[in-house]
């Protein structure tokens, strides 16, 4: 079975998927949470495996690679999924208890798509994995199907997503047509000549990736979907597929392209600019915490695009590191919103009033997440921003760095508004905010991640640099 | 006929599909537009595959068709559920979430 | 030389205090204060110790410590002090030591207050002792951020009526409230740090040495264009913190809204970080950039001096007067630095110290007055000299230092600045600087007259003079003002050992 | 022992300093009141002794090669940037003796004068006095411009504190600030001047500067400007036109303070400075001309205002201004020695005048000369005062006669006819207004019922008599052994005639009513009107302050708040609104989102076309 | 050759016309029928491109499967709402302009590309080759596709069914 070595994680996940599916078929009764535990612990086990795995050689004739980069992001996907699933176990609505199997099958299937996407070195594999990742998400966004907002969000997500994948597929068809092969290595090699069709194809394909990572103006599904979706799912949605989108982007646009990667600098820089700008500005007037985080997430993507704009090994590595920081910071923030929403029945920012006096630790955790998102020293996000800026500066994109750094200030404005609600304003009602143990644990994990990465980012940075280096 | 003829045809179909997506009010209508766009993809792929004498195009088309079917299934399910909850499938009426 | 990491202890002792307070002293206000006192005392005593022990003959950076943090990127925790930072460390110690006493009476959420305050102090120390530019930046951010909560929670709101063509904007942003001030201050300073960040990266990339160490960067000669732009970036970035016109407007609002100890620290020390950054990084690393842009730095500084003083005169809110006086005095600091002369630069550094102590004292006093009279409106107060003679005396000393009266440290600083200005490439700078001292005399004495002199009002008969711990702050700061004013050599001796080599690099033929 | 001189000078300087520190730092001592006074008096008395000793020892020896001894104060890489030390020469020693003497006497006098003052307040008073004595001594002993400026400002501070000694009186508070501001205005010039001098000569040190001046190595370019700026300091401190306006208001302080600071010592610092720096002023004749003219003009202007003043202390204040004008005129005319001599004698008898006035005020509890009178029977009160008045009016053989005559001679000798005429007219007015006061305050019929206790405290009387004795002694000494300034033979007679004329007119008007003062006032209506309003100068300054400075400040404050900060707030508000506007892009309609995708794709194509071409 | 040209033009006209019908007809049901026509036309294009296997797949899956599902969906929603669904268009001009712009953008790239000389000859039987590929190197991907279809079905079922 040595030939299956590179697929270990995918096979494991496939088995888990089948197990959950079968368990769903067998389960009876209204409370099917054991299935949730099965999926969660299964993902945890896979994460453990992933941490032990070593990079393996290519498989499927080079269409599938389990290299360092793939492994790096797969660990990230699994971590994010574990935290997301853990937080979702205690979701109070009946739908999640009764339909745990469906929910988890969909999540795991999407995760499978991500895992494959991270390894795909072939256009067809890439596209199939991309769709496998995306399609379950449309359903999950509308999982609370009796709620008008949820299904509306689902429809919007689906429509925009489908159009984007259609454009992407169209682009991929041109790529294939220009190269004559679906192998990404061949694509990279084909860049040596002047090939308008290839350019066209890559540009149109970019739309799909940009939709997935939610760069302006392909971001518009994000706020609506986030607002209406189940929060633990949204927390996960806000990080994992984006990470997958970025890694696929690296695979297609950077891996093996060498000096040609520089061609993307102006485009990535322009995208980074508008994304940072609009994300941050649109976040300012938000009253709903999830919407706020949605726009802030868009801005975060803008910052990652700054790293992409560097179009260098260090830029890529720094985006990877950014993603790690982002997973903890952003998920954590969403999960605190979830905790408050369960207690207060409100996802408005005003629900945060006086949190520091009610639940100091929860408030502290939220503050840490916000600071991390804001890029403040000694939490993970600081290093993340700093490193992408660094990478951009190395390429001489000082104006972009300056713009990004200035927009950080705008971002800090709305983060501090939340901090103000928590720390400065008095609480509307007394008493601690009740917190289910699983949710608490997942928040704690995020907080730990943010703090540890903030204090000692070195191992992850070094790993990111190591895995990104072979791309160029 | 040269490759470009097929590509141009596909591009026209793609543009028409896009037009449909942009202008139809009914969610199902939008879906039909998406179908047209994907159809253009298929024409492209087959044409390229043929002119490269390469298997990849056909293979890609096969996967695309299957994926399209999956998408349509999910999309229509969403349309049905939204119709059930909101009593409309007019995309114009669905703006609870905005801003 | 010294067997223990003295600078690290100075820097981190307050932070340890902050952590201890957060985790051990919940709901025990006295313990909170004692921990704060002990940790700041450790820092203070050690700062005095290194000040005494520092070898002036050898000069240069001493008490060196280095721990590599991210070797491949050339980041390390590298600390040392030279004559200039030595004085700044001492200043920080003096101010925070006094600040702990000045805020002894903070009642609400005192544990969080002291924790944040101490964390902030660590940031300030860190900036002054860091040799690694990157770590410098880290500490800088650490010094800025706790401000938000400190002002937001414990600050006080003033009153600003929306007027003029921009009234709508004032209404929209909520000018005058402490939340507004806190937000403005934090964001403005971070806005500045954006420029610093870019400048820092530009240096790093252009040096090609893969090191953020000040010493390595200092050894590099940068391209003139790079020097120009990076100096400009540093000037804008640090200048915002130093309150350069027209980027100073965060400072009056921030200082006026902040609680006593925070105003003390902020106006007293944090604004100095800005000037220190311009001198240390801007001039130290970019001699040609500094030469090219000295005209800009100095001319804007002149605007600061006069404009700040006039603005201060135009205020009716006591805290705003003092806050604007900082704008004016920071102008003198920048002016001294911009002269690129020994006298001017020594004057600038000494002015940082002098102004730090003086404004610290001012804010301590204003805080006391506000706490007792519950008013900041100058023209509603009067005759306080009768009921609070101690405060009145200290206020007078601070005023005198502020207007540059001899025998206070303010005079020496101003004199040196004047001397530098007239010898600089732009002698006309002397006139605004001199005019500034007159304007200062007008507004500080006017305020002193209004508040402390005149017939005592029956409204204020019940007011008390400073009490217990508050005296410590007042006496300490007053004493420092006078001692360093009478014997400026205490400070200028070490400072000179740092400024002369700096100038030697700048005025290289 | 020459080496002993600096030490002794330091003792002179150190005693009041020690006394000040003791009073400032030891709160119980300060609050003990009279005990604090005792400490201060002892210290200044000892300092007086030391100063006399210093004077005796030093005058018995040959001139020194370098009379100054100094130590580094502001260090620098090479030579220290500024030094402190003492400079012991005749000028400084004479001043030291004068300062310690008058200080000592005034402090003694105060003990009786301020007998009603609460103890803590009295302690504060003596602390200020000690500080003042120290500062003034530091000023006169200064070997360099920087040190002189340092103490120059410190005496200004003491003046401020002592004028505002009764700080809860609004008038005192106002006067103190006014005095500080106006003198500060002149000091700006002073400090700028010495800085510029330093920049061109490389030193602040008098002796070095004099050496350069004598050797011709002092750069003369810009020297006139520099010396003019330095002179501005003297204009402020020595109350020269147009910065003289603070001195009359300074009379809000306790009378002994006026005697010491605003008559005998501090206000003469300007004259002292010009004298001290005369080797430098000598190089810039243009500035000297200005000094002379301003001095002479000030002398006459102040005299004219004194003629219409009814507050006894203010009359004396104007007379001080006027006399300072004489001194400055002499210095400007190239006769600094004469100026200095007048400074010394004036110090003695003007202190006496104030202290005498203090006695009267003590008796009447008013400053208004028209409400005094009927003191003929109290010679202890009027004799010293009249003696001093005679000295001031310039009646032979009192010292004022000699020194004033020397000044007139000096001015004439310098070829300044215009100033000479002004000064001569001033001399007449001086005699007139002083005797106007004497006749009104002492010899006018008593006002009914308003007689306080007619007891003069012994201490006060003793001090007055001492000073009176000193005045006479000084005069006799000059008359008998003094060197007479070479002058035209008619000058003493003219001088005497003017003085006697003034006395006579005053006698005739205020004792005989011929001509009736009211008629004279009516006849000189415009002039009287102007003089009473101080020629509008106070108003001008007040207007400049209120409608110039404060209005400008309000404007700048307004601009800062509503324009500079306004721009920032507008930017912030725009950012907020921008967020709100952009938010409207998010219409909530799925197809608009698709528009986003399509537009985005289109833009990508266009951008790529543009970027890759 | 000429046969192909004629065929192409004929199919192209039909395809474009049918596509326009899809997006322009006000009746949704007609729209679906137009789509079916367009898909059939596409199938013919595949034939012109020597891809008979895809011809079959497309015909069965698309023209058969997809259209059937859509019709079901329409009937389902019509039944629920109780009236026939007619649809209007929004912002037709905007949509047309944007779609045309995108078309121009794409064609702009196309015209910049030199076309290949002609069709190379097929050396293999496409259907067989496809079959071999799908069970050979592409089996794993096919599995993945299977997973995708199953999950999509599961999701569609979850959404479409009514929970009691």
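Should a chain be cited, it is by its letter among A, B, C, D and E, assigned in written order, with residues numbered from 1 in that chain.
We adopt the following convention: a residue touches a chain if its C-beta (ideal position, glycine included) is under 8 Å from a C-beta of that chain, and two chains touch if they have at least 3 such contacts.
Please read all numbers here as calculations on a predicted model, not as lab measurements.
Shared contact partners of chain A and chain E comprise B, D.
Between chain B and chain D, the least number of touch steps comes to 1. For chain B, the chain whose average C-alpha position is most distant is D.
The chain with its Cα centroid farthest from the Cα centroid of chain A is D. A comparison of C-alpha centroids places C closest to the centre of the full protein. Pairs A-B and C-D differ in how many C-beta pairs touch across them, and the larger number is found at C-D. Chain centres here are Cα averages; for chain D and chain E they lie 101 Å apart.
Chain B and chain C have centres, each the mean of its CA atoms, that are 63 Å apart.
We define each chain's centre as the mean of its Cα atoms; on that basis chain B and chain E are separated by 7 Å. Between the Cα centres of chain A and chain D there is a gap of 77 Å. Counting partners per residue, chain D has 576, 583, 586, 588, 590-591, 594-595, 598-599, 601, 605 as the residues that reach two or more other chains.
Annotation for chain E: residues 90, 94, 98-99, 102, 106, 109-110, 113, 138, 141, 145, 148, 152, 155-156, 158-159 touch two or more other chains. For chain C, residues touching at least two other chains: there are none. Remark: the chains found to touch one another pair up as A-B, A-C, A-D, A-E, B-D, B-E, C-D, D-E. By the touch criterion given at the top, residues 18, 21-23, 27, 30, 91-92, 94-99 of chain B touch chain D in their complex.
Taken together, the chain B residues at the contact with chain E in this complex read 1-9, 11-20, 22-26, 28-29, 31-33, 35-36, 39, 42-43, 46-47, 49-53, 55, 58-59, 61-63, 65-74, 76-81, 83-84, 87, 89, 92.
Looking at the complex, you find that chain E touches chain D at residues 90, 94, 98-99, 101-102, 105-106, 108-109.
Across the complex, chain C is touched by residues 371, 376-378, 382, 386, 389-390, 393-394, 396, 398, 401-402, 405-406, 408-410, 412-413, 416, 419-420, 423-424, 458, 461-462, 465 of chain A.
In the complex of the two chains, the chain A residues touching chain D come out as 155-156, 159-160, 163-164, 167, 199-200, 203-204, 206-207, 210-211, 216-221, 223-224, 263, 266-267, 270, 278, 281-286, 410.
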